[in-house]
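Two complexes follow with chain A in common, the first pairing it with chain B and the second with chain C.
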Partner chain A sequence: MPEASKMKKPDVKLVLLGDMNVGKTSLLHRYTDRKFKDTVSTVGGAFFLKQWGPYNISIWDTAGREQFHGLGSMYCRGASAVILTYDVTNWQSLAELEERFLSLTDTASHDCIFAIVGNKVDLTDPKAQLSQDSSGVSEDQTEHEEERTEPQVLSSCPTPPASPASLSGITVHKQVAHEDAMALYGRILRYKGLEEKSSLPAERMCFETSAKTGYNVDALFETLFDLVLPSILRKRNENQQCPTIDLEECRGASSKRARFCC
Partner chain B sequence: MERDGHQEGEGQGVIIRNPPLEINPPADTLATSLSLLGNHMFPDQVARDDRATADTQEPGELPPSEVPAQEQHLDAEPVSNQENQLETEETDNAECQNNESTETANGGTKDDAADNDQNDSGEFVVTMLAKAKLEEQGIGVKGRSSPLLEAGTQESPALMSHRDEDVTADSWRQHRKHIFVLSEAGKPIYSRYGSEEALSSTMGVMMALVSFVQSGDNIIRSVYSEKHTVVFLQKGPLVLVCVSSSRQSEEQLRGELLYVYYQIISMLTQASISRIFEHKKNYDLRRLLAGSEKILDGLLNLVDSDPSFLLAAIHCLPLASSLRDSLSQILQKAITTNLVFSILIAKNQLLTIVQEKTVIEDTRLEPADVHLLLNLIGASSAFQAGEIWTPICLPLFNPDCYFYAYISYLDPPECTVCLLLLSTDKEAFYAVADCKRKIEEAMCAQNSLSLIAKAQSYSVSQVGVSDLRHFMYKPFDVPDNYRQLTQFTSPEMEAPYSSEEEKMRLLDLYRYMHSRIHSSSRPLKLIYHVAERETLLAWVTSKFELYTCFSPLVTKACAITAITKLLRWIKKEEDRLFIRYPPKYSTTPNPSKSSRGGKSDQQDSTDNGFLSLL
Partner chain C sequence: MAFLRQLDSSSKACQLAVVPSAVLCAVFSDAFVEMSVKAFELVPAVERDLLMGDKARINIECIECCGKHLYVGTNDCFIHHFLLDEVTSSKGKLSYSAQKLLHKYLGLKKPVAELRAASALERLIVLCDGIVFLIDMVTLETVPSAAGGGAKIRGVTAFCINENPVNGDPFCVEMCVLSSKRRTVQIYMVYEDRVQLVKEVSTPEQPCAVSLDGYFLCLALATQYMILNYNSGASQDLFPYNSEERRPILKRIGREEFLLAAPGGLGMFANAEGVSQRAPVNWSEGVIGAAVCFPYVVALDENFITIHSMLDQQLKQTLSFRDGHILQDFEGKVILASTKAVYVLVPLPLERQIQDLLASHRVEEALTLTEGAQRNIPKDKFQVLHKRILQQVGFIQFSQLQFREAREHFRKGQLDVRELISLYPLLLPASSSFTRCHPPLHEFADLNHLAQGDQEKVLLYKNFLISYLGEVRNTEVVNVCREDVDTALLKLYAEQDHESLLDLLASDNTCLLTDSIPWLEKYHKYFALGLLYHYNGQDSAALQLWIRLADGDLQDSTRTDLFEYIVDFLSSCSNLDLVWTYADWALLKDPTIGMHIFTKRPLSKDVSQLNPDDVITYLGKHSQALLLYLEYLVLERRIQKEKFHTHLAVLYLERVLSLQSQSPTDEAQLTTARERLQALLRESNLYLVQLLLDKMENCEQLLLERATLYGKLEEHERALHILVHQLRDFRSAEAFCLWASSCRDSAYRQQLFHLLLGVYLDGSHRGQSHAVAAGGSGELEMAAVDLLNRHGEVFDAISVLRLLPESWSLQLLRPFLGRAVRASMHACRTSQIALGLAHSENLQLLHDRLKERKKQILVSEKKGCHLCHNTFSEPDVVCLPGAVPVHTHCVAHRVRDSPTKRLLTNSSNHT
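The block that comes next holds the complex of A and B.
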């Protein structure tokens, strides 16, 4: 069979949600292409397949515009992880997560995990500017490998900048504190009817990232991939009995099933 | 609703009668506001560089081989008479003033139909606009904006920030073509340059003007000043305004506004826009269009730089018919339930299009809908590795319901070959994505991608006519299958039209010829136009519409021979230049479902969920 036909079978689904312009596309782009470049506002939703070890992870990047809300539940259907993204310099973008986006996740998988991601932290936090090289961020830099070796502050809550003198000179007022995001996480668990004790802790699921410098981006995606692993294995197990993957779980008609086999 | 196909002008201008001055809004506010509008809209300009120098069009004698009996005789000689260039035909409708001759101090309203109707109040509006212009003459804006500054550099990220422009700056006023969209309540929805917020007072004035005229049971259609044409288009609850110094005809500008309207409809549907404004008169539609400004910006850049819009026809990439057929067959085989259109695009030009059978019987795909799709693809190309799934409405097909578009590039990372699959089923993403795998596989097996990569537009030199520099040829329904899709063919623009400036100049000449051919008051069949640096000949028959550009030294006899040769060449190359027989497939078990008439299961998805957000 020719190369093009080698079907990659998605094992699991992740969805990026959040208001437009918070940096969802940039985060994904940073993670998959290791670049930060000008994005055009996303139309509808964009589907990506990411190979992660032996697994294929599908990621939906969504537009976040109200115009496309009708499809929100479709993008979220059966998702194993939802990344709720806001912009740390914009309080409203956090509020929108609760007001507009949370209800879209009703179609997600019952064991779906949630991450809350405050992006653009390079603007407010000198620490997040570290991986930026002195020349500033060029449109097409690909040489950000070093940022992967940078110690990842996964669970620690970034503290406000000790000194406002940052590398780029300007820091923007941080409108959303890490605590606010963690509080939202608690409310999400309650919305989902989940016990806080038996769920993943807020410290672990609330991230602050910079798609621009790459700060914490790999940590975000890889943490999530690790966490959805059980879900992947369970799905694979289920599929031993049923050889087709049914990504459209709500649709009964077997003729409608996507055939993701070679 | 008014009919407004964009090519057919109706030729009414400002028709205003006796609106009671005291209503909505108070006259003094209007006056103040108008001067504000004027300050923004009517910069004083240095004399425009008239490109057309001489122009004669007279009854023509036709290329011998192709003479349809109804054509006139061509015996024109180039006459250098700039003043008269718009008046060359012996004219019976003297009231059809032309811009050139009526540029008077009071603003030179050109208005085909207005003469009889114009009265005090009409004059009032016009005078206000003119006064606003006069007030401004001290400002001394230099030069006029070069069209290419805008159209030529659309990719430049620097220009992405048009939104941040200072709307009080001269540079803002000098833009060749402003486009504004507002709601009936006067709320700004879109401005091509500058932020809508900064322009809200200007837009308020425009709406005041519209409703002022409306209060007298009239519709404002256009206002002419010395250097600008202001064209209004009201569509449902939306008002679109174009302020242009491009010298295009009112009909052309209105056609462009219609494209803007359609693009908005393609994102929201007509039904939901109406419903939104029924619910809430002063709804801020930008909430829903947020993030779509770039799509509208992109559309306007295309409208300025791509003649497809002017001709309302599709430009397909020339391709050996055997290759095109094999691509069509690939698309034909990769189908799933509710798939209705499969479209393959390379270098932003159509390669092939396959339609669902019942759809093709029912209706044809309108070029405007394809243009909107192509523009959407262009605007969403930034992150090309993914597969896009988005609702889209094809306004001419059905303005009230959505299709779901699957967009994916087949040749990453180059991303020049794009597949677009349209389904009526919102949930069909995975099934449609599976069609793409099949298509990819088949194209891989047939090595299609590398064959497509070799395909390119052609050079006019291939026609083998020495004085011919460029042309645009649009056949009408020959053979019958063309009816499926209106197309045109055109060679690359080569020297001397290789710079952006020169390209735009040639396009402007074509636009001028087009406006003459399609003039609402006096349509012409044949125009022989001797310009400063080239000679153009435009000709429309029942079979085709043709625009040709020759070197300035060409003689009329030469031009006629050349056109005969050109038509022969096109005939010979027809199979390569056009999509001859758009193929079909059948995907709907229940045919009525996807056709235009069968709205049943799509109606409920028209609001796409956002009405609940009101």
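The block that comes next holds the complex of A and C.
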């Protein structure tokens, strides 16, 4: 059910990035609607407001299509967390993260955290075929078993639409190992000029998920929500210090002023 | 030729003839795609013949609307001025009538590219042939340049007005101008008769469109959009866009927020910081113009007007519109133009849009639209609307068996629960004043209509109502209709055989009696009905009903222990008349349990108490019950009244006597009966001893009882005689001594034991002298020895030694003698110690006294007395222990008032 709180101002922003057809929209659907639904290729972007304790977290689902690539930095601006999503059955989708999407995060908040998520792991990993999600997933699963219709089938999508066979144990070749994602995480830290020691460890920030079965999906989002809380508090603090902000004034002067008055 | 066909053209048919609504619906759904909402209506404003008549080459180039004034610029360099009046028909249908005021040729032979009104200055800012200049809003005459400043700007490709200027001067307008050659943006102040350049900023590429808010310029460059702060020079790239390929659109939609045409036919939102705070809407590639009319984004392309919701980004309505040319919003009014005519896009009232959505059961959208309108509607009006929509949504979900959602919406919408109850036939009490609200919240007549005869569904609906009413009955929402709610709940519980029926009736409730009686009777809930009678203060009716039930005249298996329940009820019933009326029935049915009416009565002050004498009189005919009642009074409540004790003792005795007279006698019963009698005789001090003695005069068997009675009379010798000589029960004799002296001092006990010893010894002497039976006298001697050895401490050893026959061996009495010697030694030594201690204490005190006497005591006029806190005025003082000087009179006072002293005086006064 969509939140009734559409008009609330979000406290913090999470952005899902990644090539088309890796399952960004499905991940968000699975988390918010507890379902694996038929999705169409996202146009532009969409967002969802999640109430997390006393905070409103906006989660932006972006379009993976090349056509909308230019808009990515708009969505990423000021983001507190970026979820870089790839498809474990598609090596190229991981490569694209580094080639195309990483630069979009330049506009993100300076303390932005990164998660790397390999989706569709139910296709390669038997343990992910059993849903972890307790609430009524089993029925959804049967309901939607034949509905994994990837949009734009004409494109070079290496994953076939989900068929009953995929659940009965026949797995697809896994092209991206968990270690590859962890290595990418290390490179991202270097790209951002961050110390590996002082950053969140790769084991914690690299996930393998299945939007279809719900495997690891809650863990992904909720880990990130907990990790961005400090960022919310910091933002609130800043707002309290200068309740009415003239953005232009603040940019140059207020930081200096704050330093003096202390 | 402008060709317009509104998809909802059925509205015309509606005006012409009365068309059955079903037919209308069919037309409607035919014309509309499923997702659509009717949010806007396209209304013609200025028709072709008013503008260019049949001159085919003349086209509209630009429009401006300011209040009722509409200005139209054409490609033949004319400006037309119209007065636009809104006309509302009697049926609420809106139309426009346009009156042409003036038209004016600007003399440049080029199309009028842009028109903007500066109403405060009464000027129109015109862009024509690359020149910006001012004309009078009324006369349309070009304004001559003022001395010292020009009113013309040349080489302009586009301009825009700042609707949110930082400059506060109301008599000038801030304008931003893009010039055709240099890569710069110029900011001008426009006055009545001149324009003044105030700022010029350069841009990285040639800008081709601009929008302005505060200091923020939103620019479309050749390859991208950017935000530029003309005051600070700070810039922020937004996103790439090829302006040569597609005409850029940038539209200020609010404070520091812009709507931009993005690649892929997206309508993208961006604020001055370069952040997108709303999800984009999906237009077609060929969008010409866009505007925001909250909560909708309206866009125009070659063939259609598309309307998206900003709340959920969905396409809500599509209107066919050929040759569309211009779409602009002026102070909230969206105006469109084809090349030949002008139209107004009139938003339908929000409530109608919402109702349309609800009618097609699109609840989420209806709620989103309602909630999205919150900031556009006054708060109180919004709350009324929001509540109503929530309730309607609740009923739709209710009808679809989505109870969880329905419940939530009913709750949030503070639904009058009677709206819900009234759907269920017969649940509302006949006396309820409720009528459904108008206009109705739903289209359902009742539950049968909803469930269409499906009994499973009916059950689901009923279970929902049960849980919903149970949830709300304790909340404020039902304050006005508690009776209706509780009565409905009672009916449902009864009908569904629900376990909570009894809880409802046993707790605070407002169930209406008149309505509930027939209902409970219908479902054989007699026990529950009794509870309801009781709750309504009709205990008599409740009891009558329950008794019929207990006697099997009525059937209701609610309680298997109904009899116990009734007894319990009577035992706490405050109406004593009822207790007397129904006690008979209960005692006859089962005296032991029935007795609880009297014996289990709570002893608190809240319950009116029964007079025991009345009960005893009443119980005269129920002998067993009477005994139980007396036992209750005497043994349990320990009421100290001679009458009850004697009565009980007599009843016990009679029972023993009657058991004895039976043959054969039931020994077990007899033993119990005697034990009871004996216990009472021993423990009670109140019964009439003589009366009982008289009663058992002729019974030789009740010797023990008689001994006890003699004990009570303090005729101990007689008692012991019976025990020793008649019963020869030495254990009992000893026990008698202990019992008879139990509340007395040790001397009394000693006396008794000596008496017993005397009886033993006398008996043995007499036995020897009379030689009755050698064994018998020996037995008494042994009893005496045992007594001495067992209870040696009681006796006075010296007088015992005098009594004892010489012949007795020392060995025989060794335990007795040993203990006696030891006790005597102990007493001697203890007293010596006590004496020593007293001596030393005395010495100590003497020592203290001497010490105190030696001490100095300082008395001065400044020092206060510890008792009265006044100062000393004379040297005579009394010194309290610890060298505390006090006034002599204070001490005297204190001694007089001391508690011990007071006690003495008081007692002397009274005696």
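The rule we apply is simple: the second predicted complex is superposed on the first by the 198 of 262 C-alpha atoms of A that agree within 3 Å, B and C clash if a C-alpha of one lies under 4 Å from a C-alpha of the other, contacts with A are read in each partner's own complex, and residues count from 1 in each chain.
Going forward, a residue touches a chain if its C-beta (ideal position, glycine included) is under 8 Å from a C-beta of that chain, and two chains touch if they have at least 3 such contacts.
Everything numeric in this text was worked out from a predicted model, so none of it was measured.
J.: Please work out whether A:71 is in contact with chain B alone, chain C alone, both, or neither, and reply first, second, both or neither.
T.: both
J.: Considering only the touch criterion stated at the top, classify A:233 as touching first (chain B), second (chain C), both, or neither.
T.: So A:233 meets neither chain B nor chain C here.
J.: Would you check which partner chain A:107 touches, where first means chain B only, second means chain C only, and both and neither mean what they say?
T.: Only chain C is touched by A:107; chain B is not.
J.: Is A:40 touching the first partner chain B, the second partner chain C, both, or neither of them?
T.: Touch partner of A:40: chain B, not chain C.
J.: Which chain, chain B or chain C, ends up touching more residues of chain A in the combined arrangement?
T.: B
J.: Kindly classify A:20 by the partners it touches after superposition: chain B alone (first), chain C alone (second), both, or neither?
T.: first
J.: On the A-aligned overlay, A:29 touches which partner chain: chain B = first, chain C = second, or both, or neither?
T.: Once the two structures are laid over each other on A, A:29 reaches chain B alone.
J.: Residue by residue on chain A, keep only those touching chain B in one complex and chain C in the other, then list them.
T.: 1-2, 4, 7, 43-47, 65, 67-68, 70-71, 74-75, 247-248, 251
J.: Applying the document's contact rule, which stretches of chain A touch chain C when the two form their complex?
T.: Those residues of chain A that touch chain C are 1-2, 4, 6-7, 43-47, 60, 65, 67-68, 70-71, 73-75, 77-78, 107, 247-248, 251.
J.: Taking the touch rule as given, give the residues of chain A at its contact with chain B in the complex, in rising order.
T.: 1-5, 7, 20-21, 25, 28-29, 32-33, 38-48, 61, 63-72, 74-75, 100, 247-248, 251, 255-256, 258-260
J.: Can you tell me which positions in chain B touch chain A when the two form their complex?
T.: Listed in rising order, the residues are 157, 160, 267-268, 287-292, 294-295, 337, 376, 379-383, 385-391, 405, 426-427, 429-431, 433-434, 437, 440-441, 443-445, 605, 607-610, 613.
J.: Which positions of chain C touch chain A when the two form their complex?
T.: Going through chain C, the ones touching chain A are 215, 224, 229, 231-232, 234, 237-241, 262-264, 266, 268, 270, 272-276, 279-282, 311-313, 364, 367-368, 371-372, 374-375, 405.
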